[in-house]
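Just below sit the structures, each encoded as C-alpha cells.
Shared chain: chain A. Partners: chain B in the first complex, chain C in the second.
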Partner chain A sequence: MHAGKLKFAGMHMFKTGEYLQVKKIQRLAYFLFVCLFVMLFTNNLFANNLTDKHVYGLFSENFNGATQNAGTVDDNIVYNVWKGDLYPLPVVNTVSGSDAKEGNNYYSCSVSSASVGWSGFCFTFVTGTGNTVTTRDISAFSTLEFYIRPKTGDVSDIKVGVTDSTDRTVKLSSLGINNSSHTWQKCTINLSSLPSVNLTNIKNPFLFNTTFATATFDLDSIVLKRSSIGEFNVTIKNISDNLATSSVTWNASSFRKNWVAAEQYLELSLDILETDNWNVRIYTDNGAVSKDGLVDTASGTKVLQMCWRVSKNLLPNASGDTLVIAYSGSPNYALYDGGKSATDPWYYPWFYITDSAKGDATDYSLLWDSRGYHISVSGDFGGMNNPIYPKVYLGANCANAIGGLTYNANIKVILSYE
Partner chain B sequence: MNKKHWRVEIYFMKKIIFIIGLLFIYGFSFAGLSVDPAIVNITTDANSSYEGKYVVKNTYDKPITVVIKLENWNTYSGNTNTDVNRWLHFEKDKYPIPSGESIEVPYKINILDDMKGSVSGRVYFSVEQEEGQMVTIAISVPIYVIVRGTEKIDFKIDSLNFIGTKNGINYQVIVKNDGNVHFRPSGIIEIYDKKKKKLIRTVYISETVPVYAEKSRDFSGPLVSNDIKKDGLKKGKYVAVLKIRAFDKEIIKEIKFKVSKLGEVVTS
Partner chain C sequence: MKKILSLLVVLACVVMFGSAVYASTDTVKTINASADFASSGEVYISFNLKNLADDSTATAIAWNPSAVTLNSGTETWKTAQQYAVMVASVTKTTGAIYIYQDNKSNSTDYVATNPRTNQDGTKAFSGLVRKGSGGGESRGYIPLSYTMSATKLSSSYEYNTGASTARYLTDKSDLKSDGSTSNFNVAYTTIANINGFVGGVTGETGTYALTGVTGDTAYMYFGAGFKDVQGGDTYKTEQILVLTFQE
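The block that comes next holds the complex of A and B.
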C-alpha cells in the first residue's frame, strides 16, 4: 500500500491508501443506494427493454418497450413526420377511444397526394436529454408487427419498414392488407427479409412513407418480436417495501373487521404475444365453488370471502387511490375504493373472487387482456405506459373470522388464449 | 472526524453493501413460465392422427415441475363423446424442468371415425406448488381440431342494440353460431340518416374472439360519444346497418333508432 499522506481542511491526516479505500467503498455504496432506489421506486424504469424483452412495444399499452421523449432512459424514442417540397405533412394524432386495437389509444394518420413529393412518419431512437439521434441493434428481433385499420382512400402503396442508413421498406399491399375492409388488420414484417437491411444499426425502428397516396388509416400495437418466446410471471411483493416475498398475509388487526386488504400484492409481468386473443384471470383454487376465499385449515368449511383489484400503479397513491375497501350496500352490493365515491361504478374496482371449480370465465375473474387492465366492474379497461407491471391487490372479509383458526387460500393466476 | 471514526464508517459501508447485495439478489429473482405455441388449429380427416409438441420454458431461478391438465372446451355437442381425453394424449402429466431450460412436451391427437364438426380442449401448464406457497401460475392454451368434410358454417345476428351511457351510445351485437365449427367474426356498423342516403358514421368490429359452435357471443363497444361536434348524433331518426363476416359469408341486419334531445336512444 502506498504510504503517502493527504490532508484536507477540517480533517485529520490519513494514509493515502486508507483514504482511497474509504472513498472507493463510499462511492460504491452510494452507487448501489442510487441503483436500489431507482429499482424500488421507479419499478424497472432502469431496465433496458431492448435488451431484456421478447416483445418490445414501440407503441403499445400492454408491453414494455420504448418510451417517447424519455430523456436519458435507454429506450428513448421520438416520433417524427416529414415531407418533401409541395407535399403536405402527414397528419398523425394520438386518439383515445375504446375502438383501439389495444388499450385506449391509437394513431390516426392522414396522408394526401400532391403533384410531386413524398412524406412519412417514423419512430427514431434518440439518446440523452437533447434527444440526439442514435442507432441501436435490433438484430435479436425477428419481426416488426403492427395493426392497421384502413379508413378512406388507398393504403396499398404506402411503404412500411425500418431505417438503417436508408429506408428499408415493403408496400402494405405485399402484407396482404385488404384496403376495402375497414377493420384492424395485422401486419407482420420479417425483418431479415427487408432488402439489404443492417439490423445492428437501426435509426428508425418503424416508419411509413408514401408518394402520391391519399388515405386515412389508423395504427396501433406496434411491436418488435423475437423468434424465441418470452414469459409470463407473477411475483408476490410486500406493500410495505415492494420486495419479493413468498406468501400473502393479513395483519392481525384485521381480525373481526370487514373488508381488509392484504399486506402484499401480486405483480404481473407479461412478455409473450403469441396471439392477440389472450387474457389473464385470477381465481381461488380451493377445490369447491363455495370456497371462494380464505378457508380454515382445520375443518375446511369456514370461508372468509375474498376480493381482488388490479391497478397500473402502486396503491395507495397520490391520485387518491386507497387500499380501503368499502361496501356500497343496496342497490349495487359492490366493493369500492373507500377514498372515492360510493355511487359511481367507475370507483368499483374491487371484484369478488371466484373459485376455479366454478369453471367460469366471467368478468369477475378477468385481470387483464388486450384492452388493458380491468379497472372496474362497470367494464372499463385501461391501457398502460412503461413500466407495465400491473399490480393485483387482494382483500378479505374478516368480519366472521374465528379466533384460534388458521385460514389459507390457493390463488391461481392463469394466462389463457382463445 | 478521526481515524477510528473512519474505520467505523468503512465497517458500516461494507455492511450496507452486503445488505444491498442481498436485496438485489432478492429483487431480481423475477422469473416465469412460457409455453409455445399459444394456439393449435388443426384441420384433419376423420380416422386420422396428428403429432405435435409444446415447448415449455422454465425461467425461474430454480428447477420446477410443470403439471399438465386437460379440460373440455367448447366441443361441438353433436359428437357423442366430448371428453378431451378421448382424442388428446400426453405421455406424462408432470415434467420436471431445470432452471432456465426448455423442454419439449409431445402430444398426439387421434380423430376417431365418429367425430364431426369441431372438437376442442384446453391444456393447462401449471407450476407445481411447493409447501407453503399460496400463488400458482398457469398458462392455458387451446387446441382446436376441425374434422375435414364435416364442417357446417351457419351463423346469424341474434340482436343489435344501442345502449345509452354517460359517455355516449354503445352498441351491443350478439352473434349466434348455429354451425358446428368456431369462427372469428368481423363486422361493420354504418349509421345513416333516416332516409338512408347520407352515411354519418362507421364503426368497425375487429376479428378477435371466437364464437364457438352452438354458442352466442356478445360484441360491444362505443358507437358514438356525447360530443356532437366530434361524432355525436343530434336529436333525430337514424338507420343502422350491421354487417358481420366470417369465412366467406356475410350477413346483414338493419334497424331504425331515434336519439332524443337528451341523447337517449330508442330502437324500433
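The block that comes next holds the complex of A and C.
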C-alpha cells in the first residue's frame, strides 16, 4: 500500500509562472480566434481584390475589383477627366440601358478637341478618406481588356493604357478597332508590351487621352486579367446566419406546404474570364426529365417540384424582396415574390427548375451571363456592384410530401464558356 | 498520293479547328439538396354515424326488422338505417386506417366462439352474432359488408352487393381453410391510406382509390345478408373497430 498524494495519470501541476504563460497563450488563442471569426464573416469588407482576383473589374458588373470612392477599403479608385486650357473636358457619363455590353451600365464618352487640344479620362488608385492618390502593383496582371463602341467621329487616334510615372498608351487603331462599325468591340492590351511601363507602380490602371480626336464612343467591361486561371465557386450558406454549410435542406416545418424556400442559399463566386461568351446554369441532376425536383429515396418516383431565383442581395431585404414563394395561377402559372405584386412580371423571379436530362438550355436554367444575374422570367438581367457574389435561392413545392419519406436532389451549377 | 495526303491534312485541320471554335468548357459544381420528412405525417379519421332518413346524429347501426323476410332461404342484402361520415387524413407513407370486427370480444350473449365456414373454406367470426349461439355454422351469424362513396347517397339507397365497392366486413380472428392460419386480409379492411380513401378491392389484394386526396370526406354504408333469420332472434356485434395505424 502506498501512502501520499493521489496522482492521476496525465495530470500536470502548474507552477505560478507556468500558469501565467498558459493564460497568455489562452488569451492569444482567443484573440486569434476572434480575428479569424472577423475575417471569415466580413470577408468582403476587407477583401483585397487586386491581390486575390484573377479578373479584376475596374468597371464591371460581373467581376469583383475596384470600387469607386470606396473610402478606406482596399481597391478604392476615383475617376478623373482632364483637359488643356481653352479646350473642352471630355464628357463621360454612366448610362443605363439594355444595350450595355455587360450588366446595365456603360460609359458614354465624348471628346472634342481642336487640332492642338488634349484631354483624357482615367481611373486613379486612391487611399484613405481623403482619396489620396497612390500607386499599386498590378504586375500580376497580363492584360487590360475592355469593350468600346465607336459612335461618331474617329476614335482611331485615341490612346489607351495605364499610367505609372507617366502615361503608357497605345492607339486604338493598333488594337484593331473598326471605327465604322458601331458595335461593341473587344480591346486587349498586353500590359508588358506598353513601352517602358513599370507595372509595380501604377497610378492609373486605365486611361484614354487624345490630342486631336473628336468622337463619341461607349466603354464597358473594363478589367485587368491575369494569365493564370481563376476559379468559379459555389458556396452553400445558411440563410439564418450566413455561415457555410454542406447541403441544402428543407426542414419538417415545410411538410405539406406549398412552395417553400430552402434553409440555405448558394453563393456564386466568378473569377474566370476565359472568353466573354460564358454563362452559369442550374439544373437538377436526377437522371430523368420528370425528376425535376426533390425525389423520394424509397421509390424514386415521387417528386416535389423545385424552383430557383437569383439575387444580388441577401434575402429577405429591406426593399421588400421576400422568400415567400407565391403561385400566380392562370394565366401565367408563374411563381412570384409573395411580398410583391402578382401582376407585375418583374416580380416573377422564381424559375421552375429543369433536370439536366432534358438537355434544356433555355432561360429556365440560366442564372447568370455577361448581361448580369437573371432577374425574372420576363427576361430581365441585372448588373451588380462590388462585392459581386450572386445568391441563388431554392424552393420546393412540399404540398404533396409524404410523411416517412426523405427526398433528395442533386443540383448542378455549371459555368460554361466557349 | 501526295495530293490526297495534303487534302487529308487540310480536312484534319478543319475538323480540329472547327471543334476548337465551338468547344465548350464546363466547370460543374454539384450540391446535395434534401427534405427529410421521415418523422412527418399523420393518420387521422373522424367517423360519425348518421341516420339515413334525416341525417341526424346516430350512435349505433341497426336494420329495420320489417324490411327483412324471415327464413327466406336466400341471402338478401339490406342497407342499414345508418351510415358513417368520414373525414380522413393520411400523410404518412406507412399510415392506414382499417375497419374490422373483434367478435370474440363481444359480451357473453354475443361472443363468437365458433366460426362459420365460407364457400371457399375459410373460417369467419365476422358479422352479426345471434344471441346465445356463440356463432357456429347454423344461423349463428349474419354476414356484414360495407361500401364507400365519395358522395353522399340518397336516403332510399338500397344496398347493392354487385357494386365493386362492396367488401365483406372481416374479423381479426378469421382463419384460412386450414383452421389455424390467420386470414386477416388488409385489402378488405383498409379504409384509407396514403393514396386517399380506398374505393374497393380488385382481385385478392389490389385496391383502388376512391379519392386521391387526403383530408376529403367519404361516406360508408353497411349491408347485412339475411337468409335464415327467424322470429325472436337477436343478432348483434359490439366490436366494429375503426383504427388508425402508422409505424
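Rule of thumb we're sticking to: the second predicted complex is superposed on the first by the 373 of 418 C-alpha atoms of A that agree within 3 Å, B and C clash if a C-alpha of one lies under 4 Å from a C-alpha of the other, contacts with A are read in each partner's own complex, and residues count from 1 in each chain.
The rule we apply is simple: contacts are C-beta pairs under 8 Å (C-beta built on N, C-alpha and C of every residue); 3 or more make two chains touch, one makes a residue touch a chain.
A quick note: this is a predicted structure, and the numbers were derived from the prediction, not measured.
Asker: Examine A:Ala401 and indicate which partner it touches, taking first as chain B and second as chain C; both and neither are also allowed.
Answerer: Only chain C; A:Ala401 stays clear of chain B.
Asker: Once chain A of both complexes is superposed, is A:Val234 in touch with chain B (first), chain C (second), both, or neither?
Answerer: A:Val234: touches chain B and chain C.
Asker: Which partner, chain B or chain C, is in contact with more residues of chain A?
Answerer: B
Asker: Which holds for A:Ser181: it touches chain B only (first), chain C only (second), both, or neither?
Answerer: The first partner, chain B, only.
Asker: Looking at the overlay, what does A:Ser269 touch: chain B (first), chain C (second), both, or neither?
Answerer: first
Asker: Quick check for you: in the superposed arrangement, does A:Arg256 touch first (chain B), second (chain C), both or neither?
Answerer: second
Asker: Just to be sure I read the superposition right, which of the two partners does A:Leu243 touch: chain B = first, chain C = second, or both, or neither?
Answerer: first
Asker: Taking the superposition as given, does A:Ala342 touch the first partner, chain B, the second, chain C, both, or neither?
Answerer: neither
Asker: With both complexes superposed on chain A, which partner does A:Tyr417 reach: first (chain B), second (chain C), both or neither?
Answerer: both
Asker: Check the residue A:Ser98 against both partner chains and state whether it touches chain B (first), chain C (second), both, or neither.
Answerer: Only chain B; A:Ser98 stays clear of chain C.
Asker: Which parts of chain A are in contact with chain B and also with chain C?
Answerer: Touching chain B and chain C on chain A: residues 232-234, 236, 246-248, 266, 272, 274, 285, 408-418.
Asker: So in the complex, which bits of chain B are touching chain A?
Answerer: Against chain A, chain B makes touches at 1-3, 6, 9-10, 13-14, 16-17, 20-21, 23-24, 26-27, 29-39, 55, 57, 59, 122, 124, 126, 129, 132-142, 186-188, 202-210, 221-222.
Asker: Considering the complex alone, what residue numbers of chain A touch chain C?
Answerer: Interface residues on the chain A side: 232-234, 236, 246-252, 254-256, 262, 266, 272, 274, 285, 294, 298, 304, 306, 394, 396, 398, 401-418.
Asker: Please give the residue numbers of chain C that touch chain A in the complex, ascending.
Answerer: 22-42, 91-95, 194, 246-247
Asker: Sort out for me which residues of chain A touch chain B in the complex.
Answerer: 11-12, 14, 18, 21-22, 25-26, 28-29, 32-33, 35-36, 39-40, 97-99, 101, 149, 181-184, 229-236, 243-244, 246-248, 266, 269, 272, 274-278, 285, 370, 408-418
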